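Across the two complexes that follow, subunit A remains constant while its partner is subunit B and subsequently subunit C.
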Partner chain A sequence: MENKFTRNIYMVPYALWIALFVIAPILLVLYYSFFDIEGNLSLVNYQKFFTPVYLKMTLSSFWYAFLITLISLIVAYPTAYLLTKTKHKQLWLLLIIVPSWINLLLKAYAFLGIFGTYGITNSFLEVIGIGSQQILFTDFSFIFVSVYIFIPFMILPIFNSLIELNPTLIDAANDLGASKWTTFRRVIFPLTIDGVKSGCQVVFIPALSLFMLTRLIAGNRVITLGTAIEQHFLVTQDWGMGSTIAVFLIIIMFLFMSVTGTRKRGI
Partner chain B sequence: MSLELESGVSKLEKKISPLAKGFLFLIFLVLYAPIFFLVFYSFNSGGTMFDFESFTLDWYKELFQDTRLLIIVLNTLVIALLSSLISTIIGVLGAIAIYQVKKRQTKNTLLSLNNVLIVSPDVIIGASFLILFTMAGLKLGFYSVLLSHVAFCIPIVVLMVLPKLMEMSPTLIDAARDLGANRLNVLTKVILPFITPGIFAGFFMALTYSLDDFAVTFFVTGNGFTTLSVEIYSLARRGISLNINALSTLLFLFTIILVVIYYFITQRNNKAQIGGIRK
Partner chain C sequence: MNRLIRVFLAVVIASALLLFAINRLNKAEGFAGDNTLTIYNWGDYIDDELIDRFEEETGIKVIYETFDSNEAMLTKVQQGGTTYDIAVPSEYMIDKMREEDLLIPLDHSKIPNLKNIDERFMDLPFDPTNKYSVPYFWGTVGIVYNTKMLDDIEITSWSDLWDPALKNEILLVDGAREVMGMGLNSLNYSLNDTKEEHLKEAKEKLDSLTPNIKAIVGDEIKILIANEEAAVGVVWSGDAADMMWENENLDYVVPSEGSNLWFDNMVIPKTAKNVDAAHQFINFMLDPEVSAQNTEWVSYSTPNKAALEFMPEEMVEDERFYPSPELTEKLEVYENLGKKNLAMYNDFFLQFKMHRK
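This part shows the complex of A and B:
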């Protein structure tokens, strides 16, 4: 009896946190999604979501997030692989992570200068004879900056799973006559798929919802789900519609989590 | 085990080709170029990020005379320290609570609930907290920002502390109990000392998350109160001003200091761990 009581006391602040800041917010978002802009109970938000405007936005948001995740993966995997082969690999890894600790907005701001009309990239393009281009406020700059920001988050889990890989397995594959490519395709990649999956999770979902980048770098040309939510909550004050989009984003998130599934991560 | 891995990898090391080195170099170059670009132009007297006219420290002077910005920096630090402190306390209690749950299913449910705020996009956390605070009648400002920072830092602390608890052999607690320690003694003399590295790591992670956060704060901050991230966002939306560059140089230095501290803490922890295993 006394045991149970003390155990409950431990639990109280944490249980309160779960109730107030985990469960309640999700329920509130769900609740608000059933109210239109005048505050009447209705399903009009859901109807609106299934109009071409919103569906197109969702699809393009997906497409951008997919591209960002794919490019990050293509760059991050070899980087993580090579990092595991360096001396002092923990130090190098730390150096990869450091930029991710610099405020995201400062990095985005740096690209305002780098990609700007008179920026360093355009001067370079002038010199090699291509001539000045509009780089800022295009799809390219949005994807480039997003990949730049997400790369460390993709490298980290892949690096960790590569480190856990037992090197004798690679020796075994070599001994059994597998080529480098076969070893990679049949041994290394399948065994590090968990790292790849959690890397994709930490990139794809934020990529759907980053709104500051679309505002700063893409100049409102790219509208992601996140931008739409921010717009509805803070600009047009249509909390109902914002919540509806949030509900769909939450559903997408859970679907994506279950597809990339079973994460058994010990940190 | 880790030693074996080390030697295995060091055998492979010779294989790293110049091409691979070039690739890694390129990655590091791309990762750091924007940061050094900002730092470089913070000394530009020209006032733009393209023509470097001459060296000046004017932007730094301007920065230190800007009391409004200094207050914002102070706000950000206060929020970060307070929220990581509170979230560390609640998070450690939460981790112990999860650790003590015996039923597997309850444990998994608790863990999933714990992870909800980690995997949720910032926009959703921000928007839902905005609804929550408005419904609760809390005025947006310092307290709403503090509460939301505490809220999203707690699960991080739990995730940093829990593995340490799992590492701890349950026989330790049994032994302490057999030797007559009461529950409080077990907590303060056995459990807490054992998980101290995890607690520090959790506190540190919470601190960086709080310092870095933009999206959640942006939603719940209201009019009167600003943190550094939100301020940088509104400055950057207005265009380029080299004050921001000067600020980012200082923040970069600050980050480097934090990284060095963090590196030494983890190094020490690793050593302590190895020592512990040897005994």
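This part shows the complex of A and C:
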């Protein structure tokens, strides 16, 4: 059949792209991870990864990424739900997406001003009588800014799955006497779980390897695996160790994807 | 299918138009000629007016790029993707680049202005006959502090930073050698110490400083200190000068235990394509008047003796930035410690960063 042949032709660019820009880099990272700083073949990097320093770093990266994802989800789900009820959906959606077009670095610098000792937030706290607090360079500011940056990526998939939800199902639930909460728990949430899952993936995975915000907003008080990779590649020039951390990040990501991945039924 | 082809064509046509426009713009700016000079320098490290002047005088088009650490610069030069004609590494990095054969020797006959450089800054151990490098700026690592915010506390040494009154008031610059060096200096060890137990001791000493540390940041330290976000900062001398320009309550001190003396130097890396223009540029930057103007703009200390005459007196006589030869004796220049020791410095620095309050 000629159709099959053309289909294969169309596959070529895609396959080349995947091979060159996805598979080759991963193999390269894996290859580099087996070399120590002197360029000798060894497993010393893997040994080093299982020392308390890096294990602690992995755990804290996990913890922060988890918090960021959880808070994003808690804020994003109701927002997405309310969005589906508004009149000008596309306009509201646009307003939520627009901030994600602004450069990340610019936004981070803006928060330096907003959270600073003499920034708007502290002036406000002063006025309402709480008094000036240290906000910048704390866990709070780090998580707040990260959530702010990631939230559009959480809202979008949830919004899409909510909008695809057939409204007659909700009517049916009402007719059958389900309370609002039961409708949400038994009908709406299970039917939008795919949106929640892909939202979590899009937030959790980049959050695991955030590195610029750890310096700008957290003042290096939060050290994630991303920070360590950056340092190993740019400062120490220990590409082996940097790659080893990257290998573990890739493994963690694959695990996370397979846990949250959508299992296709039927077909 | 037709629609797909139409979309595809539209993208191709749009790309072609953009490419054409970029080409025209580059031509209008003179980028198309072969006579270009690519400079790779630290951020905020040259008066832009001087680049314009150099272009006017020589007809050479300058492409200017910046880096924020010696190591990042080295990585780019090693990879050789861009044809950098001039780079400005620090002293220990020159040693390393020389070892790795990444530098082109200078032709001194093409740089007559080399005579303007103070003899004190010539023939230094990292490049004994200045075969590869010409000093660009020099300076120290020290403490900048806000006299208004600190009232009576006087800071003259590293150990003053451990004062409990400075709780949550110190910003550190995000550099392994600078911060570990501060720990080593406060214990009266050498900045180039490579004994693991000494570094460990320094790291533990630094851990005890954690309650006083507000954050460890990059270039933002300039804005943060000038805006009085914190009262004390460990910084390079030129950054301190910049901050003092912004905020008159600030003062700078080179700690009495000793500190780091550093040099940034112009070199021609192996990636160079226009070696002739690179020599012209180095010679241009060493011109006394040009150097004076650049120094006033950058505010680090110039090694150019002839330039001092063209600079305001209060700048030249400021002992904080032009320390007397006696004080400079106490300062140490970073040596190239090799990859393995540098990794050890970084490991300890990383552990120190992870130490929570």
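A few comments on the model shown:
Operating definition for what follows: the second predicted complex is superposed on the first by the 246 of 267 C-alpha atoms of A that agree within 3 Å, B and C clash if a C-alpha of one lies under 4 Å from a C-alpha of the other, contacts with A are read in each partner's own complex, and residues count from 1 in each chain.
Keep this in mind: contacts are C-beta pairs under 8 Å (C-beta built on N, C-alpha and C of every residue); 3 or more make two chains touch, one makes a residue touch a chain.
All figures in this text were calculated on a predicted structure; none of them were measured in a lab.
Applying the stated clash criterion after superposition on subunit A shows that subunit B and subunit C collide. In the superposition on chain A, A:142 makes contact with neither subunit B nor subunit C. Look at A:98: by the touch rule set out above, it reaches subunit B but stays clear of subunit C. Of the two partner chains, subunit B is the only one touched by A:243; subunit C is not.
Comparing subunit B with subunit C, the partner in contact with more residues of subunit A is B. Within the superposed three-chain model, A:111 lies in touch with subunit B and out of touch with subunit C [touch as defined at top].
Look at A:53: by the touch rule set out above, it reaches subunit C but stays clear of subunit B.
Residue contacts after overlaying the shared chain place A:150 against neither subunit B nor subunit C.
Once the two complexes are laid over each other on the shared chain, residue contacts for A:223 go to subunit C alone; subunit B is not touched. In the superposition on chain A, contact is made by A:85 with subunit B only, not with subunit C. By the document's definition of touching, both partners, subunit B and subunit C, reach A:215. The superposed model shows subunit C running into subunit B at a single listed stretch; among 1-9, 55-63, 91-99 or 235-243 it is 1-9. Residues common to the contacts of subunit A with subunit B and with subunit C across the two structures: 109, 112, 116, 118, 215-216, 233-234.
Interface residues of subunit A facing subunit C in the complex, by the touch rule stated above, are 37-38, 53, 56-57, 109, 112, 116-118, 134, 136-137, 215-216, 218-221, 223, 228, 231-238, 241. If you check the complex, the residues on subunit B that touch subunit A are 5, 8-13, 15-16, 20, 23-24, 27-28, 30-35, 37-38, 41, 48-51, 89-91, 93-94, 96-97, 100, 110, 113-114, 116-117, 119-132, 135, 148, 151, 154, 159-160, 163, 183, 208, 211-212, 214-215, 218-219, 228-229, 232-233, 236-237, 239-240, 244, 247-248, 251-252, 255-256, 258-259, 263.
Those residues of subunit A that touch subunit B in the shared complex are 3, 6-7, 10-11, 13-15, 17-18, 20-26, 28-29, 32, 75, 78-79, 82-87, 89, 94-96, 98-99, 101-114, 116, 118-120, 123, 148, 151-152, 163, 166-168, 201, 205-206, 208-209, 211-212, 215-216, 225-226, 229-230, 233-234, 239, 242-243, 246, 249-250, 253, 257, 266-267. For subunit C in complex with subunit A, the touching residues are 69, 71-72, 74-75, 168, 171, 174, 176, 214-218, 220, 223-224, 227-229, 339-340, 342-343, 346-347, 350-351, 353-354, 356.
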